[in-house]
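Each of the two complexes below includes subunit A, the first together with subunit B, the second together with subunit C.
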Partner chain A sequence: MAGFDPAVFIENLAWMKPELLLAGFGLLLLLASATVPVAIRQVGGWLTLAVLAVAAFLVTAQLSAGSGGTVASTGAFPDIAGNPAFVVDGFAVVFKLIFLLGAAFTVLMSMKYPDTDGEDSAEFLALVVFSVFGMMFLASGTGLITIYIGLETMALAGYLLVGFRVQEKRANEGAVKYFVLGALASGILLYGISLVYGATGSINLYGIAASLAGDDSGAAGFLGLGVVLMLVGIGFKVAAVPFHMWAPDAYEGATTPATSFLATAAKAGAFAMLLRVFVTAFGDRGADWAPLMILLAAASMTVGNIAALRQDNVKRMLAFSSVGHAGYVLMGLIAVGLSGGDAAIRARGLLSVALYLFIYTFATAGAFALVALLRKNGQPGEMLDDFNGLVKRHPVASVCMLLFLLSLAGIPCTAGFIGKWWLFGAAIKVNLVWLAVVAVLNSVVSLYYYARVMVAIFIRDGDGESKIQVPLPLSAAIGAAGLFTLVIGVYPQPFIRLARYAVLMMGA
Partner chain B sequence: MTEVSLPLFLVFAAVGVFGAVMMVTRTQPVHSALYLVLTLFSVAAIYVLLHAEFLAVVQILVYAGGIMVLFLFVIFLVRPPVPGEARWHGGRHVLLSAGLAVILACALGWHFLESAPAAAGNPSALLEGGNMEQVSMTLFRYYILPFETVSILLLVSMIGAIALARKGEGV
Partner chain C sequence: MPIPAGSHEPDPDTGEHEMAAYFPVLLFLLVGLSFPIITLFIAWLVRPNRPNDVKSSVYECGIEPETPAWTRVSVRFYIIAVLFVIFDVETIFLFPWAVKYGVLGLFGFIEMSIFLLILVVGYIYAWRKGALQWA
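The block that comes next holds the complex of A and B.
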């Protein structure tokens, strides 16, 4: 057995520049907050934004690092069979950009109230950065151990972000529920992984795929049980019905920036893992797992949207709506599973998932930024009544909120329509017309509760308060989200081109 | 597995299952914890039978030692209810978990009756060069990435624990 070769190690590390940057910055941030707390309090948020931007640049650079401007699909850290544990390909790059985007919105929102909740304290920022670090391993990891550790890093930071307001009862309740159910889900996931390992003899996605390509009878029941348990575990993380119970409480209890982080970046991270595992390792058995996903998708959209109808708390409403959106996104994965080797359908499925997650990130982060905006005197403004007459108090933000809600509902001329068009089309391509119909009906249902917010903003009268002063970072977040939601709606081509990179998943 | 170790395996497996069943059926948390120690020890013994001595030692040090002490600390701190207060949670949970256990046992049993486990590995390969050396070679050569990433994971949990504890004091 060959020994450890430092040169090879460094060479492999060169593919992890964005990850190293984030880890290093997180550590420095903690050190700096201990030595120069006042300076960090003032500029920590902007520094974090700058580092996220540099990380996005490094990630994008990997896209063209190959010869001739193609994507550099490269694997690093090979295991004993030569299968990489970490790959850099188009899929990883696109998802990492989504994570960084979601994190950037969270940081912008957290800079609103400098002293109230300690949201801008260095620990909060460091946890966001470390969480994104973990997500990167969900997008790039191809060894199940590497992926699992990435998932736990992301999730642990998430539990802490939810419970950050120690004095707040709802935060404690949400964090404890999220933690206990999340730990249970991790246990189930690990059990599934160990069964899959027992059945295939490999802990690497490529190794599993190779082992499955070899025999097609064998450990079917055993393997199947493992795959089902893995799906349950990941289903918890994407908050798909029936594994969504934690989401409303966690979303409601967390501070609004943290909620936005859970709903955008953390959700995208779990989806990256779901896609990577099921497409790379079990891609050949797509027809076997797709029926389970169809059940999850149909249940998620229906239960999520119907439960959202009754919510008067906007954060809770958005939580249930995000459960519904997870159902829509699963349709893209179902199309990949049922593609049966048809490259065009597989590509459409992957593209639509990546595109939708981008669009969903803009709209959801924007909507949560509005909730953050309404907070006053340390009281959260998250009830529907808090939105009453907002149009008189801040017309621009009101119009942006209208855009976000229309986009989430999927109305034409907003980004959401484009995203749903691709996703529902992917389902129709694999002859799941009934699922697409269910999705469209659910979009109609969702319009009702989104309209309740619109009515509150534009028609109801508020208590005649004066205009709201919006801090710069928050207006930047709302403005950027609104702009992109509109631009993608009318001119989506550049984003479709970007999302197309997600099709490039490194083969074995 | 050799002829000699099969009866030993059966003994340890039976003790392990006994401990696990006792653990979930006791109403006194301290009793449950002690039965869990019994199960962990029998699993460690099975590791020895499989020539995974290093894993066996780790199992005893970390699980039967460290983690169990934490469990007991927590049980003492939160003051368990007196036996009369702790209620039997009724048949539904029992049925559900028994059903899951049967499904799992069937899937595993069916698989092992049909074919030998694919991931059994080769004990003789483990014996040459020493168990610990093999483990560390694998860990530091092929699993160096997750090994290093764990350090960030642990750091996150430490930061979080400190941040929450400090805020709890109202600082």
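The block that comes next holds the complex of A and C.
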């Protein structure tokens, strides 16, 4: 055992405090659900929120306040060549905050919600906590094995979350589709990883970058095939076209808090992985993989928005809309890829992705929170018609939904406009004006189906049902999301400063 | 391309190829493929083929088939199988630790205990939720 130092290992472990907290708490939740189900059902949600808050605090504390606000950039768990497998840098911190935000909204929505408030409520929370735990390795991991384990942890918990309503056929269908396609995508991703390993001799992102640095031979042969396969595998998780077909069924079948989790946190997790891998390992070869990504982005935007036009089920509509948003976010990554050593463009690309994912999390979680509010004959509703006349039954929530939809469409004065401005600007800076134009046109198209919801809420008449009783956690979620959506739209500077930390990616 | 530590550099004088170390694998693959194919083929050549109605019908302990051959298999078989796989993999991880216990010392013991503890939590969960009930 020469060369292994327990003291160094423990020191490295200290960098994983948020992850360890989440893992320990998830296990406790599982134990509690098996041994004291009644008690944990009462306090589980609030307890989980508290733990998520502590985890967010621990994550932010890793942004150590050195002089000038430096980041505690460090690598942990080095391999033989000295390349770390787990790093804590600005990028990791920002993305972990996004995950925790998405998870917090999910937990708020799941409290006092019919499907998730039953006997197995603690299991739902445990699954969310485990999924976030896995996601954190996607943000911090720099060894492909570490990243893969994080991806699988996140995905397996995700599959279970989608299939949580075991009695509901659509949930079973969505979960099976998600699981089978997810397993296939993982297999393709692994094959790509193995090809990249064969071509570069390293399984660590920094090792791959070092191996590719001196070599100008272009992405031919095994390396090119490996990169493409990895893109396919991750593209599935992100629900980019043409790997998006699982998303509508999985989003529709899952219970609404779980759908929100998939749409916000899980998507951000997959994007964290995409960014980390492609910027750190293949950053030099940006000109090689960017064209492929341009195709994915353009296709996602177009197909996602056009397919959403005809949906009557709001969750399916939001699923296709999230496919479109994935297309927008890919533009930021394309900007980084085509930046060709220009640090300003690279910074803008990374910043815009992180900023947009924050904004998108608020708006999407808010929209799903409103879907969670709908009731039809006492059952959770999810069709467009269930929104009819909502303004009379709950005016505040209706105004918030207006904000969320406008933000998703990118209307000025809401946060979505700021996010899109940064993203589209990043695309223009790398001379992809046509792509930005496609994005703008798609935003216009998306306004139509968001407007359908607005028309249903404000103009159509409902069934005349009485005022909805909204549980406190749900109204807190809607209120917080609405507030942030408005505030960021009007005064985005603090969030832009926060997103700027995402630029600090170690070693790249 | 970097050569992994401890591997064998091919000797150009003897015309040795880099893939030479994998020759046994190729042999294994060919034998593994050909053995069943050859034996089944020879059996097919040698045996008589005289089907009739009674011989081709579904076997049900010698009586006339009463129930359909496709029955519903209970899901508890799957649950037991999955639990077996999980705890079997746990056992596999225990073996190297047991072999090198002396070298790994206290640090290894604590680390392994944490690993076992995590799986015990899962075990308690499965137990209390009735996954081990055969009734």
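Everything below uses one rule, namely that the second predicted complex is superposed on the first by the 488 of 508 C-alpha atoms of A that agree within 3 Å, B and C clash if a C-alpha of one lies under 4 Å from a C-alpha of the other, contacts with A are read in each partner's own complex, and residues count from 1 in each chain.
Quick note on the criterion: a contact is a pair of C-beta atoms (placed from the backbone, for glycine too) under 8 Å apart; a residue touches a chain by one contact, two chains touch by 3 or more.
What you are looking at is a predicted structure, and each value in this text was computed from that prediction instead of being measured.
Visitor: With the two complexes overlaid on their shared chain, look at subunit A and say whether subunit B and subunit C clash or fit.
Guide: clash
Visitor: For A:Pro492, is the partner it touches subunit B (first), subunit C (second), both, or none of the two (neither)?
Guide: neither
Visitor: Report for A:Gly201: first if it touches subunit B alone, second if subunit C alone, otherwise both or neither.
Guide: Both: A:Gly201 reaches subunit B and subunit C.
Visitor: State whether A:Ala34 touches subunit B only (first), subunit C only (second), both chains, or neither.
Guide: Touch status of A:Ala34: second partner only.
Visitor: If you stack the two complexes on chain A, which partner ends up touching A:Ile149: first (subunit B), second (subunit C), both, or neither?
Guide: first
Visitor: Of subunit B and subunit C, which one contacts the greater number of residues in subunit A?
Guide: Between subunit B and subunit C, the winner on subunit A residue contacts is B.
Visitor: Return first, second, both or neither, reflecting whether A:Leu127 touches subunit B, subunit C, both chains, or no partner chain.
Guide: Only subunit B; A:Leu127 stays clear of subunit C.
Visitor: In the overlaid three-chain picture, which partner chain does A:Phe86 touch, first (subunit B) or second (subunit C), both, or neither?
Guide: Once the two structures are laid over each other on A, A:Phe86 reaches subunit B alone.
Visitor: Which stretch of subunit C would you flag for clashing with subunit B, going by 3-11, 57-65, 75-83 or 93-101?
Guide: The superposed arrangement places subunit C into subunit B at 3-11.
Visitor: Residue by residue on subunit A, keep only those touching subunit B in one complex and subunit C in the other, then list them.
Guide: Comparing the two interfaces on subunit A, one with subunit B and one with subunit C, the shared residues are 1, 9, 27, 30, 199, 201, 211.
Visitor: Please output the residues of subunit A touching subunit C within their complex, sorted ascending.
Guide: Residue list for subunit A touching subunit C: 1, 6, 9, 27, 30-31, 33-35, 199, 201-202, 211.
Visitor: Where on subunit A does subunit B make contact in their complex?
Guide: 1-4, 9, 12, 23, 26-27, 30, 76-80, 85-86, 118, 121, 123, 126-127, 130-131, 133-134, 137, 143, 145-146, 148-150, 152-153, 156-157, 159-160, 163-164, 166-167, 197-201, 211, 218-219, 221-222, 224-225
Visitor: Give the list of subunit B residues in touch with subunit A in this complex.
Guide: 103-104, 106-108, 110-111, 114-115, 117-119, 137-138, 140-146, 149-150, 152-153, 155-157, 159-160, 163-164, 167-168, 170
Visitor: Touching subunit A in the complex: which residues of subunit C?
Guide: Those residues of subunit C that touch subunit A are 1-2, 4, 103-104, 107, 118, 121-122, 124-125, 127-129.
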